[in-house]
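Below is the structure I would like to discuss, written out as structure tokens.
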Amino acid sequence: MKAGSNLENVLSKGLFAVTGELGPPKGNEVSVIKRKADLLRGYVDAVNVTDNQTAIVRMSSIAASSLLLQMGIEPVMQMTTRDRNRIAIQSDLFGATAFGIKNMLCLTGDHHTFGNQVDSKNVHDLDSIQLIDCVRTMRDQGTLLGGEEKIEGEIKLFIGAAENPFGDPFEFRAIRLAKKVAAGVDFIQTQCIYDMNRFKEWMKMVRNLGLHEKVHILAGVTPLKSGGMARYMAKNVSGIIIPDEIIDRIVKAKKPAEEGIKLCVEQIQELREIGGVHGVHIMAIEWEQMTSQITEMAGLLPRPKVA
Amino acid sequence: MARIGIFIDGMGGSIPAPFREKIVSVIRGLPEIAFSVEEENLASPGALQRMAEHLKAEEVDRAVILGGSPKLYETSFNKFGYPVLLNPYLLTVANLKEQTLQAVANEEEAVEKARKMMIKAIHLASSSGPIESRSLPLTPQTLVIGGGITGIAIALALARSGIQVYLLEKGKHLGGKALELRRFYNRPEEVQKWVEEKVSEISRNSRITVISETELKRLDGHLGRFQATVRKANGTEAVLSPSAIVVATGYEVERNRKGIYGHRSFISFAEMETLLAENEIPSLLRNGKRVESVAFLLGEVNGDVKIDSINAVKQSLLLQEAFQCQTVILCKDLKVSSDGMERLYRRARERGALFIKFEEPPKLSIVNGQIQVDVKDTSAIRKEDEWPLSILSDLIVLSDALIPNPETENLCRILGLHRGNRGFFMEDNPQLLRVRSNRRGIFVAGGCRFPQEVSETLNEAGATAQEVIALLSGGIYPYDLSVAEVDPEKCAVCLTCPRLCPHSAITVEKYAEKNIYITPGIGEGVKWGAARVDPVACYGCGICVGECPAKAITLRHQPDELIYAQMNLSD
Amino acid sequence: MIKAEQKPLEEILLYLKSYDRILLSGCGACVTVCQAGGEKEVGLLASALRMARMKMGTPLEALEATPARQCEPEFAAELSETVEKVEAVLSVACGVGVQTLARHFPKTPVFPGVNTTFLGETVTHGVWEERCQACGNCILERTGGVCPVARCAKQLFNGPCGGSSKGKCEIKREADCAWQLIYDRLNGLGQLYRMEEIIPARRWGVESRDSGLRRIVREDLKV
Amino acid sequence: MTVAKELAQSGVSALLIERDPSLGGLAASFCCKASESCNKCFACVADKRVLEIRNGPSISILTQTELTGLKGGPGAYNVSLKNGKGRMDIDVSAIVIAAGVDPFDASLKAEYGYGRYKNVITARDLDEMLRLRGKLFCPSDGRLPKTVAFFQCVGSRDESIGNLYCSQVCCAYALRLIKAIRYQYPETKAAFLYMDIQPAGASFDQFLNSCRQDKGIRLIRSLPSKVYHSPLSDGLRVRFVDPLKGEVAEEPFDLIVLSVGLVLRKDSKSLARLFNLNFNEEGFFAPPPAQTGVFITGACSGPKDIDRSIIHAKSIACTVQQYLKGRS
Amino acid sequence: MVNFEPKIVAFCCDQSGYPAADMAGGLELNFPGNVEFVRVPCAGRIETLYLLKALERGADGVLIFACYEENCQFLRGNLRAKSRLSYAHRLLEKIGLEKERIEICHLATNCGPKLAETLHRKSEQLKKLGPNPAKI
């Protein structure tokens, strides 16, 4: 066991893992976290806590993660290299692990110009792969990055990263995953999947490289709320591909939200059948209440209790 | 101080004497004014003679004319020669006729205006400087690129006029697209025979050197001093030094044989030419099968060329008259704007060819292994009954898109030429210079400029040859230095000017020879990395001058000072 | 070369508010090439400033000069006499030139007339794009001659990120994704394996601006 | 003119004879037909040519002069000239005839009512109106026409009057006029009634597309059969077959512009007699046999636009020059 | 402003504007009184600086008579003039001058009437705008 987290246990037992996602409040209102935690508790194995997602200022993911721990939910603390240099990153990891956080997700982060502090200076001292390498060094060698400096205590972290099979150049996407694996990643959560063909093709490349045996891949899904949302995402979000037939299906549905959930469940069932997919990551953005319904309909309940 | 002579032109009564007097009275007695004389029709040879005498007698070095449009005097002086002792650039004209007398109604105002204009002209005259003339020797040598019909015709015409020609052909044989043709639409002889005759004439002509399987790789220099590096297929290179260059690389045909167009019933005009030539009258066989009906489908790919219409009517007539075929010509517009075409068209019609003109592109489908064309004939009167018309025929002659030669782009770069609409070589601006290119001494002719019917192409070839002959026959190219000039010390080598020069007259060579025609300051032969304007290639438009961010370029005949003087404003 | 853009006229007018007699100094090098501060731009800006001030009713006398390279002490020295005649200097050279003049003329205020933007390449005439950040340790050898430091919005060393879409960057959709360019270039060279290597964390603190003032000393050249 | 210029440049001295008081011919009376950008009508070229010719060093010009006689044979002709000042005889080695063309007399097409109805004008009338008056108006009352119809092929491609040829210039000419009008007077709508759209060239497609896209221009493939006139309102009604509906339609227009074809100049008969020239099937001059030293160029050998006339002239200049070389 | 006669500097391309001015004169079309014609070989010769300098040195308005687009003897001189004008317009705006003070007019040799009409219109327009407040 690298960190002994619940998520690690589920995955290492070969069980199909389910993770959820929680966006911390745009302030210090703890009740928001509590409300969302209640919606997710029992339906997922761990919950991603975003780190100022889309560069919108929110409660720090370390703080929100430790609050979640107190509420009895296992967090996956996200960390971006956008806002911290290697000093802050390593110091934050000391703190986070001290609070008992055992999972983290290494990200570069959305560009700051997308958020509400466009005038800020971005850091990018490290990129996500270098961050993975940094955390792995801290955990496995017990030293700081690039240094001989010994760490007092042990950093136990189950290291995750994201990968987007829908970014370009497509042929390079599996190789990039290999780079992350080489840097020391333990699990991967993907960008939300709508273009199943492309995802399957990517997974084929991943399997050809033998990566599915070295890393746990959790396929990302996001239920579509409405036709408008589908159209907006397809048009405006780089790195998300939504095939026209899916947009059509949601747009033409009498109850688009219901259709969106149905679609999501179908997707999960399809993903489960793909070799190398070890779990799903459900990103029900500001729609956390649907997580229970989705997991139930997809037959993912009850979540296993593993020691 | 400048000594200025004033000439007042009465313009045949357009500028009345009292008016003249009122104006000139102001300047009499000014120190720089040597004299003022009155003349009638100063632009006439006699008056010019007298003008010269005045200038000589009074030893003046500047002249101001008060009269009509400067263009009038410039043209007549160019024609009859400038008075000796007077450099053309030391003459200033105040256009009293068009710009005051005829433009200002109130007489008092006109006088006032005229006086102002006169003072401005005197000011301009005293601040202008002479521009020297030069001439460049030209050897009678021309490089013709492309051995198609155009290149052949030009080479022969040039050789007949005593000009040495290098005829560059990329392929093995001369002839180009003409080798695909069998007949002219408006001449009795056969194309092949015509080409053969011309080719043998070329081989007999000692002034023409045919260099086949060779392409142009690099071009340096300007008019009269071109250095063309050519490379043979086997890799050997040679440098030619022609005075002028003609580009006649022709056009290319782009065949669309995708989808239904891949059907065996479709053939091209060239294939039909061959078929017509190979078959013996009276029956037309293709792959052993008798062809009885032929449709011509002139698509929209070539909406702007005439050749397709001409070929269609020509071939249709042959099919009808020699092979008893039923023909249909489907087109959007039938282009008959060539000599004799309307008659051919009518003849084809009278002998039973159908002409169907459509607005919407016809629909194609395969019925029993044959192509069926469904078309809406816009000239049908009873639409309900006759729309759409279905046509089944044994063969369909399809127009292929005529596109620029694939090497056009590369050649443009090598030659410093421009490409126009549709990617063909562009002629030098629309103003009458169809066969000239944007560069002095380089001409573009024939299909590489735009695909045309053979006889028109030949006309163009003749015109091109004439241009080259007119340029080279004198043996020298006279020019004056009324051109742009770079001050190498100010030049930041920013490359703005070579990018913008419409005539590719500016080069930047790292160790270019210093501008040889610069006068004061540094001596000749200084090496300097700066932009360099070739005075022969420059047209003196001043675009580079206006654009130079370092203000390193001056237009020698119109420096800043003269522009400001013309504005006639306070300093 | 260094690329710069002229500052808005209103901003410049604000700097010069309390002066009636200035020197407007251009530079014959980089800013001439990027058409921000050559002799022509100096003339234009001077004319515009004079007119704007005339319109305000506080005429401005603007002398003009364009030394060959404002960042050399000798060229700056050429301006000495002129500078003595004026109350302030407006320099449309890059930030380097402005500082050279400031150092050279301790008693005269020197204002910048341009924003020095980047080290860039001419894409087509009139379009310039950033190519180099002068980061101090060139890695172009590993990235096929395309610099991710200058051209990737996130300065990724192991890109591309998920926002690379159809060759374009999600942050500026008109901009090429640097990592797509690197991929294409290495692919063309048959060196894709170079992208499979992980580029380790950079030593910013030693090599780059982050180490404090950088300085190049060539002992052999010193006189 | 072009021939003279080109010859002069090749070192041959030339004498230019023009019957009218000024040079330029038909082309010199055209107006500029630019809309937002140049539409390549070449009208400005003629003006510039005139200047260039006056400029040429070895060209002598005789205007208002007519040819009255011809003596001698190939290579050594003696021509008799007559002008206001008197008569003269001149020896020349070669003769180039560029007698040009006239617009077709539109009143011969009686059904269109040219010469009877004030608001039926020819394209040339319109051209002059725009060049000299600088504005568009109905000749009957001076108001701006709201609708203008252009009839193509008036005097060309017409069996009834025996002109079995395409005049080659009128489509582009009329379309450019339409474009210029539409640009200057956006409220005026135009209809273009035609058989086939003829012109070709690298930029014509672009130009034609811009015409097709203009909602204020209707391209109707149908030649009108008759113009009716109401004497009370000076209104005009045009009868034609609507190609879309396939039925006969009648529509009112404020102004009708006839795109008249080109015919040989009226006085060309005497030239033909003088030089013993033949006519071709179309009624234009046929090129005389080689070695006679007489050459034909320009539109009098068959209709041509300005651009093609110039090319043709240059090409003939080349032939002339080689002919002269061959003789000396 | 009853007696204000605006001073106009009219740059004339030698390929179009200048002959057109001759034609306009020949047709006896009146020009406004205070026009200075500046003859340039091509509109591409007209630097942005000239446009500003004309105003700075006392003109109330500037006109550029250039060839129609796609009809420049030198391919792009008229387009350069147009682009430089747009740059000058940006500066004028910053200076606080009306951009109507500088205008480009495309014409051909045979457009005398258009030239005269443009001059008159500009003159009237400038009368309304009043004298150039930035002239030195």
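To keep things simple, chains are lettered A, B, C, D and E as they appear, and every chain counts its residues starting from 1.
Please note the rule applied: contacts are C-beta pairs under 8 Å (C-beta built on N, C-alpha and C of every residue); 3 or more make two chains touch, one makes a residue touch a chain.
Every value quoted in this text rests on a predicted model; they were computed, and no experiment measured them.
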Each chain counted as touching chain C and chain D at once: B, E
Chain labels contacting chain C and also chain E: B
Reaching chain E from chain A through chains that touch each other, fewest steps: 2
Identity of the most central chain, Cα criterion: B
Chain pair with more C-beta contacts, D-E versus B-E: B-E
Remotest chain, chain B as reference, centres from CA atoms: A
Farthest chain relative to chain C (centres taken as mean CA coordinates): D
Distance from chain E to chain D - Cα centre to Cα centre, in angstrom: 34
Euclidean distance of C-alpha centroids - chain B vs chain C, Å: 43
For chain B paired with chain D, centre-to-centre distance based on mean C-alpha positions, whole Å: 22
Euclidean distance of C-alpha centroids - chain A vs chain C, Å: 40
Multi-chain contact residues (two or more partners), chain D: 38, 40, 44, 48, 203
Contacts with 2+ other chains: residues of chain E: 15, 19, 27, 47-48, 53, 70-71, 136
Interchain pairs in contact, sorted by label: A-C, B-C, B-D, B-E, C-E, D-E
Touch list for chain D against partner chain E, complex: 30-32, 34, 36-38, 40, 43-44, 47-48, 131-134, 203
Chain E residues touching chain C - in the complex, by the definition given at the top: 47-49, 52-53, 55-56, 91, 94-97, 133-136
Complex interface listing, chain E residues touching chain B: 7, 9, 15, 18-19, 21-22, 24-31, 33, 36-42, 44-48, 50, 53-54, 57-59, 70-77, 80, 84, 136
Touch list for chain E against partner chain D, complex: 15-16, 19, 27, 67-71, 106-111, 113-114, 117
Interfacial residue positions of chain C with respect to chain A in the complex: 153-168, 170-171, 173, 177, 180, 183-184, 195-196, 198-202, 204
